Every structure is written in structure tokens, then in C-alpha cells.
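Across the two complexes that follow, chain A remains constant while its partner is chain B and subsequently chain C.
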Partner chain A sequence: MTASLVADLHAFAAAGVKEFRILRRYPTLFLGFLFWPIVLPFSYVLQARGFAGGNAAAEAAFATRAGTADVVGFLFLGFTAYMWISMILWGPGTALRTEQVRGSLEALFLTPASRLVILFGPAFSQIVWALYMFGLVGIAMVFVFGIDIGLVEAIRALVIIAVATPALYGMGALFASVVLRFGEVGALVQTVRGIFTAFCGMTFPIIVLPEWGRAVALALPPTYLIGGLRSALLAGADLVSLIPDMAFLLASGLFLCAAAVVAFRSTERYARRGGSLAQY
Partner chain B sequence: MMGDRTLELLSAWAIARKELLTQLRYPLQLFTEVAQPLYQFLVPALLLGASFAVAGRAVGLEAMTGTDNLAGYLFLGVIVGGMVGTAFWDMAFSFKREMDVGTLEQTWLSPTRPETFVLGRAISGGLISVGASAVLVLLGMAFFGAEVGEGLWLALPALLLAMASMVGIGYLVASACLMLREPNFFVDATNFLFAMISGVAFPVAVLPWFIKPVAYILPTTYAVDLLRVYALGTRPLLDPALEWVALAVLSAVMIVVGRIVFRRTEHRMRVRGTLGQH
Partner chain C sequence: MTATEKGPAVEAIGLVKEFEKGRRTVWQRLRGEPDQRERFRAVDGIDLRVERGEIFGVLGPNGAGKTTTLKMLSTLLEPTSGTARILGWDVVRDAREVRRRMGAVLSDGRSLYWKLTARENLQYFAALYHVPPALHKERIASALAAVHLDDRADDYVERYSTGMRQRLLLARALIPDPELLMLDEPTVGLDPQSARDLRDRVREMRTQGRTVLFTTHYMEEADQLCDRIAIIDHGHIVALDTPAALKRTIAATEVVRLEVQGLAASDPALLARLEKSGSVARQERQNGVLSLTIHCRSARDFVPAAFDAARAEGATIDHVEVVAVTLEDVFLALTGRELRE
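So, the complex of A and B:
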């Protein structure tokens, strides 16, 4: 039992290292990791400047709705979360799909490694990229845009990221099951990403949504991640005041991970019976 | 006997038809042409704009541009954004796709000139972009409160000139795609920057001082500005007469420079034998 667990942990680490090595083979991907976390939110900062138009009433309206007058921090945090979520939604599903296209998925399923390794292993390396992205954005916020973020606030943000991780990776793993079942994930990812963009408050305070829209937003884990990060880093909220948000994130994380494991097992059975594992 | 130019035009139309037929085989992709700008750009931008609204009016945008018609401002920007996307992805990046599937050498061995392929894809991409833009603007008017004035029709020649300039840009970016071999990031990043600096999403006035001069040498900046001036009554960047001249001159320059660069790149690749490498 212990030996099996150790072997699975080794396999888990090996899956993460493999994904990292593949990333290292394509240096232009590194450029993207440097470019998009800064340029994409900055374009929304410029847009916000256009919408504010230097008008004091417009700026005050934003501050009242957002709970902060710090437009730059508000948008950078929202977009960093968005990019992390995008990475997670595409990550595990795309990794399995790539194995399917390369013809190596069957070989992978024949190894004695646990299915959990196959499901969550590729996501492991992405945690490194997520931390890198949050670090890069943090540096830009502090040193380029002059936002005051102390060590305590940074630690609080890291706790929120850690608490949100199971929920987000659970979603990613659910998408991976969809890949095995239907062979294509693009349209579904686009749809879900669209829902997150429209409801979770990446570029706006959710108070501007109509009532039904707010209800949708409050049922989605990314809303709590984004809201928690903004509260901790921009409004100086302590972790105690964020316990209800973190409890929701943890509960949804448990549910989504369990659902992903069940869905993956059921999909695997379906693929084995129908012999569709290598079909795409 | 048909002249060379007529034959090339017929080839361009055949290429465009082939591309359109391929697109029609994937209706979901066509749906994405409308859905993606809507959820990825328009909805977040509209909601960001709503965060700055005072008593339901975009007073900040009005102070900056002369119109409080936020939805109209954004939906018209997307028309030019779609054209830019056509140049970068449909015209230029398609060479990379052909490289990947190994058909680039075969198509270039046909009697059709390589630059005609760019033109053909410009036609098909342009038609799809026009269709998607029309649907988006109608959606904007029906559901998002975009009010577009009849002056829009006066700006149509500006859109045609912008489309012509995009053929030149398409040649330039296609040259880069052929040289870089792994151009995904380059195309993605430059497409985004080109659209943003043109003022598709926000007024050019808010650009940092060191980027603003770049906006003034992009034909699309004038196209999107004229579109908004005529359709929404926004304040123009420059005198509209000057903007028309700048748009026409820059479009001509883009086409000439683009063709020269593309021909040189093509010649260089034939000499070095790197066409099939990727």
C-alpha cells in the first residue's frame, strides 16, 4: 500500500517534470508567459482610462462599485486569475488530447500508475507557471504601477490561491474527462471561459450585473478567488474576514475533484468497452 | 487569351472559394467568429464601462470622445478588429498551417503566384469578417443598446481602404511567418497590439506617449476613427479630410511595401531551400 503510494507520487512528479520539459522545448511559450500577463490587463487599464475620461464623477462611481479606487490593481488581479483559469481549463484536457493524437494514450493507460496521476499529473507543472505568473504580476504591480503590497498581504494572497487550487484543478480534470468521452474540448472550454468572463468579475465589480447575473456569479468558484485576491491585496482584508469565501472554495474544490474522479472512471470504462480510447 | 493578371485574379477567387468551403464544413468555427469577440472582448468591456457609468450614462467616455454611446463605440471598434484578425490569422498564419501539413511546397509549385494565395485568403477572410461584423453590430443594436447613425454608410469607403491596407499587412506578417517557422506567439501578440494601438478598444488619446506615434502610422487608426466620427459623432483625431488622405496614402504604402517584402522573402526561401522546414 505504502510502496504503491510512493510509486504513484514518483509517477506524479515524473508527469509534472515531463510537461515542464515539453514546455522548455518551445521557448516562444516562455515569451507568451512574459508578455500576456502584463500586456492583456494593461490594455484594460487603458480602456478604463478611456471610460473614466478624467471625469471625477466617473472615477468615484467606479470606486463605490468596486470598493477600491485602484483600477490598475483591480484589473491586473482579475486578469491574472483569468489567465490561470484559462491555463487550467485547457491544460489537463489538452494534455490528454495530445496523448490521444500522438497515439500514446493507450500506452499510458497500460502503465501501473494510478489514474489520478494521468488526470492531475499534467496540471502539476502548471502550478509552477501559475505561481510564476502571479509573481510577475505582483512585481509589475509593485514596481511599475506603484501599488503598495506588503509581505503579509502577499502571504494572504498565496493562502487564497492555495485554497482555490483544488476547485480550479477539479474543473480542469472534469474537462479532461470530456476530452476522453467526446474527443474534442475546444467549444466547451470556450463556452465555460465565456461564462466565467461574463460573470466572475474579471474586469468589473459583480455589482454591475443584473440580479440573476449576480446569482450566477456567486455560484462560480472563480468569483471567490478574484474577490478574495482583491480584498486581501487592495482592501487589506485579513483571512478571518475571508473565511466564508474560502470555505466555499474548499467545499467546491472537494466536490469538483470528487466529481472529476467519478467522471474520469466512468469515461474510462466507456472508452474501454467501446474501444474508443485511441479514436479521435 | 486571358492576361496574366486576369488569371491570377481568377486563381485568387478559386482560393477564396476553397477557403470558404472549408470554413462552411465547420459551422462551429463560424459561430466562434461571432461568439469569441462577444465574450472575450465586448461583454467584459461593456461591464467595465458600466462600472464607470454615472446615472446610466458613460460620462467619462463622453468627456474623452464626444459620445456616451458606449456599446456603439465598442461594437464599431470590433469591425476593424475583425479586419486586423483576418490579416494576421487568415492571410498570414495560413502559410504556417500549410507548412505543418506539408502542402506549402506543392502549392507553390503550381503556376499560381504565392502572393495570389495571400490575396485569395484576404477575399475569403474579408467576407467572413464582414459577415461576422454585421451580425455583431446587429446584436449590439438589438441587445446591448448600440445606436449607430446613418452616417455609417459614409464611412464604408474607409473600411474598404482599411481592408486593402490589411492585404499589405497580411503580406508583411506572412513573410514573418515563413521566416520564423514557429510564429504562433508572434502573430498572436502583434495582432493584439496592432488592434489595440489602432484604438479598437479605447481612444488613442489614452495610449502612453511613446506608443501614440505608432498609432498615427497605422491605417486602421484612421479607419476606426472615421467610422466612429460618421456613425456616432465622436470628435475626430485629426481633421477628417486629413484622415482620409492619411488612410489612402498609408494603405497604398502598406500594399507596396508588403508585396516587396513578401517577394523578397519568397525568393530568399527558394534560394536557401527552407520552404519545407518548420
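So, the complex of A and C:
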């Protein structure tokens, strides 16, 4: 490993620490976040109960389509994964935009640190949020809703999350390139989040989609993350059976990260030519 | 590619930066219409050589091209044409090497993280500047001491005054222990005491063997601090020398400022009379008062002659001010405008 790479890894960690320190100075954020991952998906659980009640036929139909009879687990996992996906989609772009608006982006670009540090480093702190959120939901699922999740299943879920991470960060980094080019990324992220909500099976099994909708869903990495988590935690699937899904996630991660690096370099050059680095 | 230990700290040859005026709409882009925007040159062929160990000032009015020049030299902007080398490294080809060796303050206190302490800010930048972790503590302590903030190192930046934030920016620029410091208008917005304090810190940088390249539109600041000064206007360097040598370029030892009242349309006659014993560098009429700036060899000889001339033209002199020649007068003589215009 070269000295420069080691120094960049250190800078990467420092960027995460910096963000986390700033986050820590707003402790009410953690308090607010205590409720969202529980209350929001629970409203979907109540909605499902409202539609189906305790009707055995309805539950059986759901089990056939979803691959599990556990409505609560199905909805909580889908929603938690979606919240994490949203967080990462916003992450690098928002971090870059925050630096731009704050006026610190040029100071960062004056340092010899790799652009990947500037791009991904601040978003790295969101891993803390992700662990917090998944931990919170895990506790609620086991102790409040009585869902049986063993250590092995939890480890499988963590592997799936790790495998999906590059693809999600790659998408987030592509949005960050848009920030350097156009300054604003909100509308684009909202559109993509809308597509993910409609197609990736956050609160429904994708089998209920029309055929063309399923084709769209199967081209989107979040579908595999959400599906993989449900299979591992609720249907007892082992990692071997999930290899095709994980291979797709890894391949798309590789492609999206490479595309993000190319796009970021190109937009950085554009900004350095036009002097728009600090403009927002 | 390696840079030499000798040679100038900064060398720019024919540096040009062009920007487009106006904007190109999305519709024009989608239709593939040719880009017909007018281009203007913010920096128009600057040649510059800053020797190692000197404090070099770039003096000019707002919009003269100072910041654009500094941004190109610090790798934030890509030159349209021309070349620039920092400590022997090319700013385009070897941008990362340039950044490793240079500290810069090109922004204001907003670019600090206000919810972090000064020490935490510097810890982050120590990592970004690739300072080995074993040296972090020592380097941060030394940078904070250099700007006299060591006793407030663990306060949040949001509790700092503007002057303290500006000093912290300087400390941040010192984190890589750079041979070259670039400062863009470092005292803008500071009260006189904070500005003086910051100038003292900059002088200390030179005694530590660093080269300082800074921009300013405060002529006193440039005069007091700089070994050499480049005066820049409309993207061109119009003069470059030591402050003393620049002041010698105008054929005067004193400057007289007059306010004349009661003139009808006879300004040319009065001016012709005044030109006999001095040189009218600037004239401006406002609310019936003619303000004149005159360069002369001796105010003792010139002022009585000016009163005689005014009297002869039926005018009165309401205000007389005699000052020594400043860089402002040099700028006025070179461009016909004042620095603050």
C-alpha cells in the first residue's frame, strides 16, 4: 500500500469523524430518529391489518406472494432498508452541497487529499446512523413484535448490507457530481427515490407489479437489497442461495462506483474551468 | 517529474483566464445551438516571478483579477492559457504536488466548521493535508501558537470573533508546514487592531523562511508588508517593484489635495495655471466643488501658487491637504483611477 493511499484512508476516517462530531453537537437529532424507524413502518402494519384483519385467506395470499407470512417483519425490513437507501442517496451529494453552501468546499479542494475522500468521507459517518437505525429496528422486531432473529440470520443480513453498500454509495456519488455541475440535486434524488418506492418492493412483494414493472424492479439494486434482507431474516435463506442476488449487487456497485468517479472527475474539471466550484 | 529546491517560489508566464458572460439556456443546449456568449478576460497575460522567502503583494482594485490569479496559482482554477509553476511544480499537470507544498487562505471564516473547536478543525485538515498522525499534535500546537490562539484552542469556532476566525484560517494554512503561503485579502472585514495583528503574524511567516504571496486592495497594507508589489488592473500587471521604487516612479515627492469652489466654466484655465508648478493627477467635480489631486516636488512652493491661481480665476480654495506619495498615487498615475473606484 502506498503512503499516499494510507494517508487518504486516514483522511477518509477523519472526514467521517468530523461529520460525526458535528452531528453529536445536535443531540436532539438522535432523539427524533428514535421514533421514525419504528412509528412509520408501524403505520403500514396497521394499514395491512386494516385491509386483511385476521383473515386466514388474505394472510395465505400474502405469504404466497411475499415468501413469508410475517407481515410485520416484511414491512419493517422493507421500510428500514428504504430509509437507509434514502440516506445514502442524499449522503454524498448533500455533504458536498453543504460544504459548498458553507463555503468550505474550496478549502477542501486546496488539500492534496483524494477527491474520493471529499466525496465519500463525510457520508461515511452515516454508517453510524445506519447501525443505529438497523439496531433499533432489530431490537423492536425481536422484543416488541416477537420476531425470531438469530445471530446467524443477523450476520447474513449484515453481509447483504455490506455487499449492497458500493452500489448505493455509487448512486449517491453520481448525484454528488450533479451538485458540482448544477448546484442542486434535490429534485433528482426525489425522482429516483420515487422510482425506488414504486418499483423496489419497499412495502409490497414485487410479484404484484405488472410484468414491465417487475422488469424495472429487477434492474434496480435496492430490489435485491430489500429482497435479500427479507430472505435472510424472515425466510431463513442461506447466503449460498443468495449468491446471484449478491453478484448483481456487487457488479452494479462496481459499475456505479466507476461511473461516479468518471462523472465526478469530469464535473470537477468543468468547475475548475468555469470557476463554479464555490458557486451555488 | 521532480521540482528543484532552487528557483522561484512562484513563476507565471502569460497566464490568461477567460470566462463567459451571461448564460446559455438549457433550450439552447438541447438544440445544439453554438455557444455565442461573449468571453471576457479576467486575467490577461500575467507574468510573475516571486522569489523564495519574500512577501509579495498583488495590489489592485476590486475586479482587477487578483483573486482569479491566486485561484489559478493555487490549482482551484484552470488557466485558459499560459503556464504557472509553484516551487517548480506545474499547477495543471502536478496539481496534487502543488497542494502538498502550499498553504492558502482564499476564503473567509465561513469555510471553518463552526460547530467544531479550533483544534478539531485543524485535526481534520491535518489528515486532509496528509500530515503523518504522529506529527498531528505537534503541528497543530505549533500552528495555533503561531496565530496566538493556543489558549482558545478548545473553544467552538462559533464563539470566535471575526479576527480570531481569520487567524484560525491562517493556522489552517500552516498545517502542512508549507514553504509558500497564499493569502487572498486576508484583512478584509477586520477591525484595525485585528488587521494589524494579522499583518504581524504574516511578517513572522517570513522570519520562519516562508514565502508569502498575498492580494490586497489596501495600499497601506501592501506598503507596510511587502518586499515587492505587483500592481494589477483589468487583468494586467501595470507595475512591479519594491514599494519605494514604485513610489519613485512618479515625479513628485509630495501630493496636494485641493477642494476649489466658485469656478464657473474656467476649469481649463485654472488647471493650466496649476500645471505650471505641479501635475494634476486627478480631478472630480461634485456639487460645484472641484476636487484635485496634484503631484508636486514641493508643497511649500506649490500651495501659495495654487492660491494665487485660484484667486486669479475668481475661485476659492476651501481645503488643502498635503500628504506623502503613496501607492495610491502610483496607481492613480498609472491608471488614472483610484484604487477604491
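What we mean here is this: the second predicted complex is superposed on the first by the 279 of 280 C-alpha atoms of A that agree within 3 Å, B and C clash if a C-alpha of one lies under 4 Å from a C-alpha of the other, contacts with A are read in each partner's own complex, and residues count from 1 in each chain.
Keep this in mind: a contact is a pair of C-beta atoms (placed from the backbone, for glycine too) under 8 Å apart; a residue touches a chain by one contact, two chains touch by 3 or more.
Values in this document were obtained by computation on a predicted structure and should not be read as measured data.
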With everything superposed onto chain A, say whether chain B and chain C fit together or clash. fit
In the overlaid three-chain picture, which partner chain does A:Ser241 touch, first (chain B) or second (chain C), both, or neither? neither
Applying the document's definition of touch, where does A:Ser266 land relative to chain B and chain C: first, second, both, or neither? neither
Angle at chain A between chain B and chain C: what is it in degrees to the nearest 10, using CA centres? 90
Using the superposition on chain A described above, determine whether A:Ile22 touches chain B (first), chain C (second), both, or neither. second
In the superposed arrangement, which partner chain does A:Gln190 touch: chain B (first), chain C (second), both, or neither? first
More chain A residues in contact [chain B versus chain C]: B
Touch check for A:Leu46: first (chain B), second (chain C), both, or neither? first
Chain B versus chain C as contact partner of A:Thr203, first or second or both or neither: first
Looking at chain B versus chain C in the superposed three-chain picture, what is their shortest Cα distance in Å? 14
Intersection of chain A interface sets (partners chain B, chain C): none
Across the complex, what residues on chain C touch chain A? 19-20, 68, 71, 74-78, 96-97, 99-100, 102, 104, 106-108, 110-113, 115-116, 120, 123-130, 132-133, 172
List of chain A residues in touch with chain B within their complex: 26, 28-29, 31-32, 35, 39-40, 43-44, 46-55, 57-59, 61-62, 65-66, 75, 187, 190, 193-194, 197-198, 202-205, 208-209
Residue numbers of chain A touching chain C in their complex, please. 4, 7-8, 10-11, 13-15, 17-18, 21-22, 25, 102-104, 106-113, 117, 269, 272-275, 277-278
Quick check: in the complex, which residue numbers of chain B touch chain A? 28, 32, 35-36, 38-40, 43-45, 47-54, 58-65, 70, 182, 184-186, 188-189, 192-193, 196, 201-203, 205-207
